[in-house]
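As structure tokens, here come the structures.
There are two complexes below, and they share subunit A, which is joined by subunit B in the first and by subunit C in the second.
Let's turn to the complex of A and B:
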């Protein structure tokens, strides 16, 4: 009897005292949507110890409620709120944020994480942020990451033309499947994996303007450090080499007119061709399929020779572009941006075993040929 | 003392009592023997039926010399007056004289002649026990007593005003027969008999209730029924000791396995086609006089999610509707609890945009989500209950007023959020989509329990609550048959009639969980297949 009573009260206590403090009504939370991390600029440094400026964006739910119809208590102001905090560590920034806000800070819904240029140039800070990102279970692995050319917080100041919330605008930029391939996307999970495996990667580059953000080009990270940028056209070519290219437009000059080639599918294949004079030899073949989108009036394209000629022009353009990018990778940055190491590791493990210890040099000396095979599938409506 | 022990003890007590009762009944059954004197018998009747003014004593003398006294007794209103007047009274008093001049000379055999030759009623029987005669009288039979014979003749003249065979309001279907059980036992057994013309369909009657003496019928098909279940039903019915049975609900509550469970362990139906189908599955039907609700045992959770229409529509349609019904079941059980758990504890799993609209809509609502949910659910149940009790036209008014108050005004006043209104409305609609009213109600009760669990522990509490429900369901039995039979044996056949309803030609066997002898339902392949072979 006594045992039962004790058991009963234990169960009751377990039920009544667990979890209740986890209960926070949804409108009391601040749903952080965008996180922008910067290295603190010297002129803003007030405290000797602070190193970061962390900016958080969360929606003004009261205002959204008012927008949602005639109901809700209403409330004015901006659709989203941005708060910047300086601190020694990221954890400190988050903590300071919640002490100032009066709402419970909630990171699970964060969709975008941006890093400033200066921060990415500092190897120590990069490694700290990567560790925080990996360690904190509250941060979503599916959020998009990107490097901002400038201060990351400047992106948050942008007033989008259409979208009410900056997060909607930015995810729209990243997510839109039909966007030209110059948009590179990277999720936090990929970012962490690449950072763990040596820290050589190419990240999306964002450039803020007054009322828009441009997501184009790439940030070259080598050994956990930003070492340079890829331009828009270079980024397209690099995407082709990485087999990440989905759709995009190439223009070639034919008969003094610009021919626009609209790519809808591209495939890349790497082939290891053995060694030559101690240099590894690779052939990268790129198969591109697309439509002819634009030409000039009066020019009909029923002649297969003409089409083959245009295809040849496109091939030349692609081969030249990729060669330029490869040159940059091999000679300038000495960084394997194509994933040849992964290719060797997967398909030629013996070769990889031999070269892995001095891969940087082997990569820079490798003979890489690009063979492009562009096909024009449709030439559009005529008459 | 623990609850369990107390229950066990009362059970034992009741068993002891049962033994005593049986003895007493045996003594009673001998009853009062009939006397050969009419007056003495009448005195006994008059004494027993004192102040029962609805009993009619029709005294008469028969025979051409008017020397044979007889009495006809019946309860006014419970007999078919036409039958009594024309087939009994007229025969006895007029026709007999014309036909039999020699009756007087055959005085010794008078009774036999009367019985065999003159009462033109289908069903008659004799008794020498006056108490039994009284029971028959009160059941609507007419008693005939003849002076000089120590026997009472019971003439079946039952006939009282009764509702016709109408469409059952609680279980209407789009396709299917429109007849439904009514309050008269015989009509109900007839409706079943008309569907199964099998001599092996047994209709056993017994009386339950010391005072009400209600007729109860156990119907089953002899070689299809699971004998264990049948015995269990018989034993449990025998053990019922109560003064009156007015609805099959009494019996349901007295014979169910677990009276603490929120789940109904006995199915009830107003539809004869459903009852007949259950009989063919090997189940037992318990039909109670004075109620259109027939009990079907054993019951599984599965059968409570079925409608007879499932078998009348083509299998694809039926399966789609069934899937919908299970979704409705899940909605009505967990939707508000899930909403609370997710918004108050784990908003991380809501899609990004939805979080904003929920948070925006809850902005300014003074209550936490679970209080909001309970307010809304309780007002909805209030509306439903009020609507049930009110006559049709007023019920509609309540619906409109309630709908406006809940849907519009409460939201505008900022007391509840519009999303909560949507959640509650979907839940309500879903709970009405469950075909069995009793299981829908038990889901509603559990919904409140889950709301509280979710309010305390979030998703963890919700899952804990669901686990508890599943554990309970898994241990629950209805007449020795598991309540969730589909899962206890891994056989594809068990799932043929569960969430989907397989095509009829593939369902060749009766449900596996019942162990009757005749397992096969259908054998023939479709003609095309035969030709192909």
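Let's turn to the complex of A and C:
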């Protein structure tokens, strides 16, 4: 009897404890690192219904195994593999990718997601991608997003000069600690939130070349659609107004030579000043702190009057630059790129309730003054 | 009439109460407050918590009049044989359905986030089997487990939530004026449902040995839960903003996906967080499961209600498998809390307390 019971429990244990529905061996997974999405170009459209080209980059784990873990040494294929798939929906692209590779596609490690220009111009496709990105639990909210001037997949063809893997190169470009002078960064989480809150936002712009990728400028998205670009300088000025500016350099002309001002901290404050003739009045003060980095031999800067003068020149430069980009937002694109709507909603909810229904017009007519206060803190090791 | 080993201390009562309240609701709470009150919704947690506290104190006042008897035993005295039995039966069904919802939601969430290919039936049965194993021996093992789980849960959860503060935008908590003032009243009652679980006091208090400061203990538990809820809502709001929070079914899990520990190799903490959350739901299920079979047993008149624990298992399992999808589950849950929740946690205790006072029903050494 006891023997039978023991046997019974052994069989029971064997049935209940073996096997696992969710077991996947690690080498059966394809760890996607970069996702690039494009609208399918007309000439490549073979199937009437396909709309997307999705390109995925993942490390060649099979090669790693063959080389005994030595990363990329010896022959036997590239260190990372790029695959492009066309499909009707993003889910179909991912599914096809999985079946063609014969591997389980694993998106959790994706670091970068890029969108092509044509895709971003199509409001419907943008809204679909946003939904997919938010709905699919496999996609992580910490990956960097950006808009490519051209086809997004072209970025993946770039052979970086130093880095072996495109993902390392791109992540390095975006990463905060690398002094992103004019680099705008955006994480998927911020992107989703901005898209959810009305779809007006400025995204990082990427331009691919043969051996490098330039991350500079901004893509202007209005009502979930790409409507224009910000130049490099405009993007920097816009970053100041958005309170997203971390560090960077400005040059001003003083005594026929360029003075370089190296900014390490910038703060923005918005003040609502009431109404004037039915137009809302705002004052935006930009406080910038930095060091003087470069001037010319034979000139001295060790004089508070000179410093004050240079500060004035920097202020003028910032005020002019921000005015230009504001003009572009207010008159050209009619799009609130600096977050005044968010400011009103949070700090002046009553005003916001009144103007929210025709915010576009109210924003375009608003009187916005920018006051810059640049402080030169240090001037280096010589006078 | 209670067995010696079926007694818990006031401190244990507090811990069990906290764990019973925190269950599946906590992961969707930030969305609910955002839906009702927008950016100022986090303040709703305080107001809803206060309403729940008042209701919990009413239940305590009722239970204190009959310190040695459980609800199904004295409800007959208060409201007469028929109504007393019917109400007790209703409460037993209520607790059973709460267990059903907990089981189903935890199954859905684990399947979505962790075990994609494992059948939901297996997930639910395994969790419920552990619950059953625990609850069939009465209140004391339950409290012992609760005392182990609570510190683990609170410290673990807060360790995971701290990194969420980095890079978060506190201005997302503004404006302080709710955009829809008339929604206040409706909002408070809705959010007080997130604190449901305190109705288990009907059963817990008679098991408490020599209670001296019951009101204080209950208030303490409710305030602790309120603070935990408040911190969770604030963290979710500062990370996502209102519009995004409204769109997330389980904002707390999305938060865990978004958090990364700076400089650490560990990424994507939702797996760890989910396992902590399983503890929270588990501890709610053990209490509601216990309440369900105990009250049912007392209504039927069993000396040992525990023999009902096993027969309830298939009933709960089958009911949990009925809803077609996660949307339906949440629709049912909303409807269920609105009707049954109000009845069991709000209306019934008030009526019974009034009846008991009018008819001067109270046990000798109360």
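The working rule: the second predicted complex is superposed on the first by the 345 of 383 C-alpha atoms of A that agree within 3 Å, B and C clash if a C-alpha of one lies under 4 Å from a C-alpha of the other, contacts with A are read in each partner's own complex, and residues count from 1 in each chain.
Just so it is clear, a contact is a pair of C-beta atoms (placed from the backbone, for glycine too) under 8 Å apart; a residue touches a chain by one contact, two chains touch by 3 or more.
All values reported here derive from a predicted model rather than from experimental measurement.
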Considering only touches as defined above, state whether A:359 meets subunit B (first), subunit C (second), both or neither. neither
In the superposed arrangement, does A:272 touch subunit B (first), subunit C (second), both or neither? neither
Could you tell me if A:196 is touching subunit B, subunit C, both of them or neither one (first, second, both, neither)? second
So in the superposed three-chain picture, is A:108 touching just subunit B, just subunit C, both, or none of them (first/second/both/neither)? both
First (subunit B), second (subunit C), both or neither: which does A:345 touch? second
Touching A:27 in the superposition: subunit B (first), subunit C (second), both, neither? first
Just subunit B (first), just subunit C (second), both, or neither: which does A:134 touch? second
As a test of reading the superposition: which chain, subunit B or subunit C, is in touch with more residues of subunit A? B
Could you give the residue numbers on subunit A that contact subunit B in one complex and subunit C in the other? 20, 22, 108, 140
Any idea which subunit A residues touch subunit B in the complex? 4, 15-16, 18-20, 22-27, 29, 31, 33, 59, 61-75, 106, 108-109, 111, 138, 140, 167-168, 171
Could you please specify the touching residues of subunit A with respect to subunit C in the complex? 20-22, 108, 134, 137, 140-142, 189, 192-193, 196-197, 345-347, 349-350, 353
Subunit C contacts subunit A in the complex at 39, 112-119, 122, 171-172, 174-175, 177, 179, 239-241, 243-244, 247-248, 254, 257-258, 260, 268
Mind listing the subunit B positions that touch subunit A in their complex? 2, 343-345, 347-348, 352-353, 355-365, 368-369, 411-412, 414, 417-418, 455-458, 460-461
